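Across the two complexes that follow, chain A remains constant while its partner is chain B and subsequently chain C.
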Partner chain A sequence: MTYSATGFGSQDQNNAKVLQVENLETHFITRAGVLKAVDGVSFHIHAGETVALVGESGCGKSVTALSLLRLVPNPPGEIVGGRILLDGDDLLEMSQSEIEDVRGDRAAMIFQEPLTALNPILNVGNQLSEVILRHTKASKREARALVLDMLKRVGISDPESRLKAYPHQLSGGMRQRVMIAMALLANPALLIADEPTTALDVTIQAQILELMRDMRDQTGAAVLMITHDLGVVAEMADRVIVMYAGRIVESAPVRTLFASPAHPYTLGLMRSTPNLTTQRGELSAIPGLVPTLAALKDMEGCRFAPRCAFASQKCREHEPPLENASNDQSVRCWHWDQVLASQVAV
Partner chain B sequence: MISYLIRRLLGTIPIVLIVGAIAFFLVQLSPGDPAMFYVSADAPPSEIERVRERLGLDQPIATRFVYWFGQVLQGDLGVSFHQNRPVLEGFLAALPVTLWLAFFSLVIAIAIGIPVGLFSALRPNGMVDKFATVFVFVGVSMPNFWLGMLLVLMFAVTLGWMPAQGFNTANPWEAFRSLVLPAITLGYSQAALIARMTRASMLEVMRQDYVQTARAKGLRVPVVLGKHAFGNALNPIVTIIGLAVGSLAAGSAVVEVVFNLPGIGRLVVDSVMRRDYPMIQGILLLTAGMIIVVNLITDLLYAVLDPRIRYD
Partner chain C sequence: MQNGEANVSATAQTSKRVSLLNRLYGLNGRILFGGALVLFIVILAIAAPLLATHDPLRVRMSDRLLPPSFDNWLGTDNNGRDVYSRIVYGARISVLVGSAVVILSTFFGTLIGLIAGYYRRMDGPMMRFMDAVMTFPSILLAIAIIAALGASAQNVIIALTVSFVPHTARVVRGKVLSVREETYVESARAIGLGDTRIILRYILPNTLAPLMVQATFILALAIIAEAGLSYIGAGTPPPTPSWGNILADGRAFLNNAWWMTTFPGIFIMISVLGLNILGDGLRDLLDPRMENNR
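And now, the complex of A and B:
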């Protein structure tokens, strides 16, 4: 039994918080009503730390990530509340021009599908040097040199000739390397990666993960790693945040979370994971489906109750708060002690 | 690319020939006797017969077709009944007016259609978009000749800014002024179509991941829209512009008649009135050839605009 949760995780506890998110609320205003895709989410990431954001498809991971750079499509999306502090500066208070200065420079993003995330009609060199030309005073020649250097660092062979290549002429792994290079060019303090390996072949996935780990170690960036692959979590993350239906339901150092998940949903994720057939699929071996955001509007109690083996009457009537199960593990569940106890019994 | 071009050009030959054959039979089988137009009203039958012989109309239609087709294959489009000169000469004499008219119409259509489409896509259902919706609706539903008459009434008759009709060749400036109202008349409906396509294409492209990537890099909005979105939105817009060229060719007939311009469109109408068979056939053949070339250029443009498209 290991739920005493001695943090193996956050190696840089004393570092400054690069990112601090407080009570983030992102809503979609649709004909079906207001969908609370991100509903009061708070977390932070230290420099050099990797935080994994996990949860089933549709739980709000991507919207959280996009909100951080204010990239949620508006309409219909809107950040209606909270604070997003990047090295102490509130991104939500910034003017359009100021947030544009932050994007790609102090905070950069890597997307899931490198083929569609790269512009099909511009060559790689153009799309990469654009970042430098936008955020620095470098000349075209200097930008080119920086781009070549970065392409080498992300393991692209023959970078000179790749500059003239178009995305469709590259392999999937190569494209994702280009995306990573693009994100790292301006040496960001915060790197957000939204399922960077999901669209890739298994063998390529491992290479890209290794590259991301190397780059993180070299740059010391704070990394928010979105994934639904717990294998990726185990390899990359220091801490893990579990989301369910727009809310954080559990947050803990990675070892604590794997050893002793305190939320029934997290427990379900763990049990559904080490299985070859579901490895690349969504995390949904838990019976039932994520409630649609529309259905949540009239929901009083715990959002996980309809699928939860531990659910009680109290659960269905009142939503639990996020509370500390130990000093570095927080959980949104009335019966987390039972959840932990159940694992001891096994 | 070169071999593709050659193959495409060779491929157009049978199409042009088929068009030619269709043109021949449509024209020659339509009712009316051309000879009647070239004799006086009280001419005796022998006189009419003589004219028919001179025009070659005494031969059976099959013979006439074989003869005409043979001549066409040798590059000879025959002699106009009415103008008494080779069809090609008559065609080339009228061509510049129509080309200028088409050129100015196209410039107007593109210069108005693309910005209107772009700005209405920026804020769907915003003020600009609502205005553009009306602009497009009016453009596609208003007949050319009616718009032409409205413009003449306003800018020529009431305000006196522009000539009401005719093609003044006194100097290039006057010639240009003669074409302004006709070009607007002809260009407006095409501008509306281009605006509609630009809007739809931009809205589609702006949802794409790479536009999000461009924003995530911190690029300024004009760069995101101009460089990343518009470049990708161009393909269907080019298609519409290519089709617009065809519509301009057709529309020029009406507009040239309304404004009394001595171009190909008017030449067609006049030739039909006079049953000038060789001239009508020749114009149909040459116009078809030109439109096929425009289509070919459009197809080549796709490859220029999008590196994923390769012809070989």
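And now, the complex of A and C:
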């Protein structure tokens, strides 16, 4: 690799779990009571692997992402339970200054809207240098050189003059490249991308996704991709985790998930997304709405039951556990065998 | 073709200078006009010894209450002192008190506003206290403080600072509350920056625009307040000239010596008008919602 000189390019993609989340619970304490935005979520990501976290707005996927770096605003949010192991270190047991050392260095984040995620009064050079100056003992001049190098790597043309540019002077795709550069500067082991392409044009989306794939392959970082776009999932992810109302409802390798979704909600998501093979008129919507967090408090049974075509009396009374449908697919549904069977019939 | 290319590169070289000029022209007339009036008063204050034609303190009873003439441009007062020279020296007090109040109230107001806006637990107690101070009319509060401390330029500065700090604190806190919710503050946290650095590098610079506008208005208010306090004898003690006490001296002679009150009044008006026009212009320039008008 040509980038080995900069310390990147570790191709050692062993099967070490970079991130291991166990039973994460993030609650919002409001006047209406305790809202469980993330309710017992567990998953892991290996080095060099991309895991997509999918779900509708309000299902808890962004809160999960913020919880990983302990960025949930407190008050009202609070991580009340679980463990978040980054290379074996529990982030939830760290002191404030220890977690600040981790942020941007061992774990970095890419935000959805790159214009609002960049300080309007800092130029690109100063903004990016901030990461290096924060986490290393490099001088301003050395930081600038590293930033310049990184801007080249993320494909920004004429990087020297871009150093002096302010965020509003850049195009949307360019800004997102700057955000990616900022996230990768410290060579993080974990990269969290919160809907990185949602705010971009389709053509730019493809470029940014390709860039992210390249960067992941070069750095061997574990990537957690938050999205509601199944096209992005198919393009990027190795494994997919589907969230619904604060809970994981299905987790599977991307091919398995697209070929045979075992949870009725995942199936609904697939059917409501158009693709080249769907027949006209076949596009369907999932009836109803995601229950509000406040409504969940008094809910017994499966959270998806009110919207589910497969729901039985058992579903309304008892919540199903997350169980293995096959050795790499787990699903939270009493009737997953029926869900799978229904697809064969079609 | 070659000619055209040469032109292009020449344009590129001068474009920086041109854009600076454009910006100056683009600054609305209000900034230039208001700024010129303020500059005039500041020059008056700085160059007072050069501009004054007489010693502002010299009493000559034979020359009392002379109307404006070639010798005494703006006439003389009831003690035979030259009104023009007294006004020129009086500008020093106004500018001194005004800028000291602006600097002090901006410093303390910003500090309180930043802390109250950023650390939400501090918000309630601090701002309730500020609100309590604000319920007193600022002149009344200043009179009360001066009554306790005694009349002097220094105490005027203290009194006016106390009464203006809550206004600045409020403006800053309001802006901080909106800036702290911006994604770029979250992204600053996500790259591992601590509170202090976030406040200094991300929050404070983004509150500067409303702060500058507020500062120009406080300067105007402080100049009026100083004149008002001196007028009622709670400000700069005589014989040191201040626009307020020149006015106060002239009060008894309104019928036969109009120049003693008219001219200091005009100077107060010029400085306050200039500052308000400047402040309006700055607000338009710095308010992003007015972007299209530029």
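Note that in this section the second predicted complex is superposed on the first by the 322 of 346 C-alpha atoms of A that agree within 3 Å, B and C clash if a C-alpha of one lies under 4 Å from a C-alpha of the other, contacts with A are read in each partner's own complex, and residues count from 1 in each chain.
As a working rule, a residue touches a chain if its C-beta (ideal position, glycine included) is under 8 Å from a C-beta of that chain, and two chains touch if they have at least 3 such contacts.
Just so it is clear, the structure is predicted and the values come from calculations on it, not from any experiment.
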Clash or fit (per the criteria above) of chain B with chain C on chain A: clash
Partner chain in contact with A:Arg134 - chain B first, chain C second, else both or neither: both
Partner chain in contact with A:Ala245 - chain B first, chain C second, else both or neither: neither
Touching partner for A:His168 - first (chain B), second (chain C), both, neither: first
Which superposed partner A:Leu69 touches (first chain B, second chain C, both, neither): both
Touched partner set for A:Met212, first chain B, second chain C, both or neither: neither
First (chain B), second (chain C), both or neither touched by A:Ile79: neither
Which of chain B and chain C A:Asp105 touches, first, second, both or neither: both
Segment of chain C intruding into chain B (one of 2-10, 20-28 or 56-64): 20-28
Common interface residues of chain A - those touching chain B in one complex and chain C in the other: 69, 71, 100-105, 108-109, 111, 113, 116-122, 130-131, 134-135, 179, 182
Residue ranges of chain A touching chain C (in the complex, touch as defined): 69, 71, 75, 97, 100-105, 108-109, 111-113, 116-122, 130-131, 134-135, 179, 182
Residues on chain A engaged by chain B in the complex (per definition of touch): 69, 71, 73, 100-105, 108-109, 111, 113, 116-123, 130-131, 134-135, 166, 168, 179, 182
Of chain B, residues touching chain A in the complex: 207-210, 212-220, 223, 227-228, 231-232, 305-308
Touch list for chain C against partner chain A, complex: 120, 182-184, 186-194, 197, 201-202, 205-206
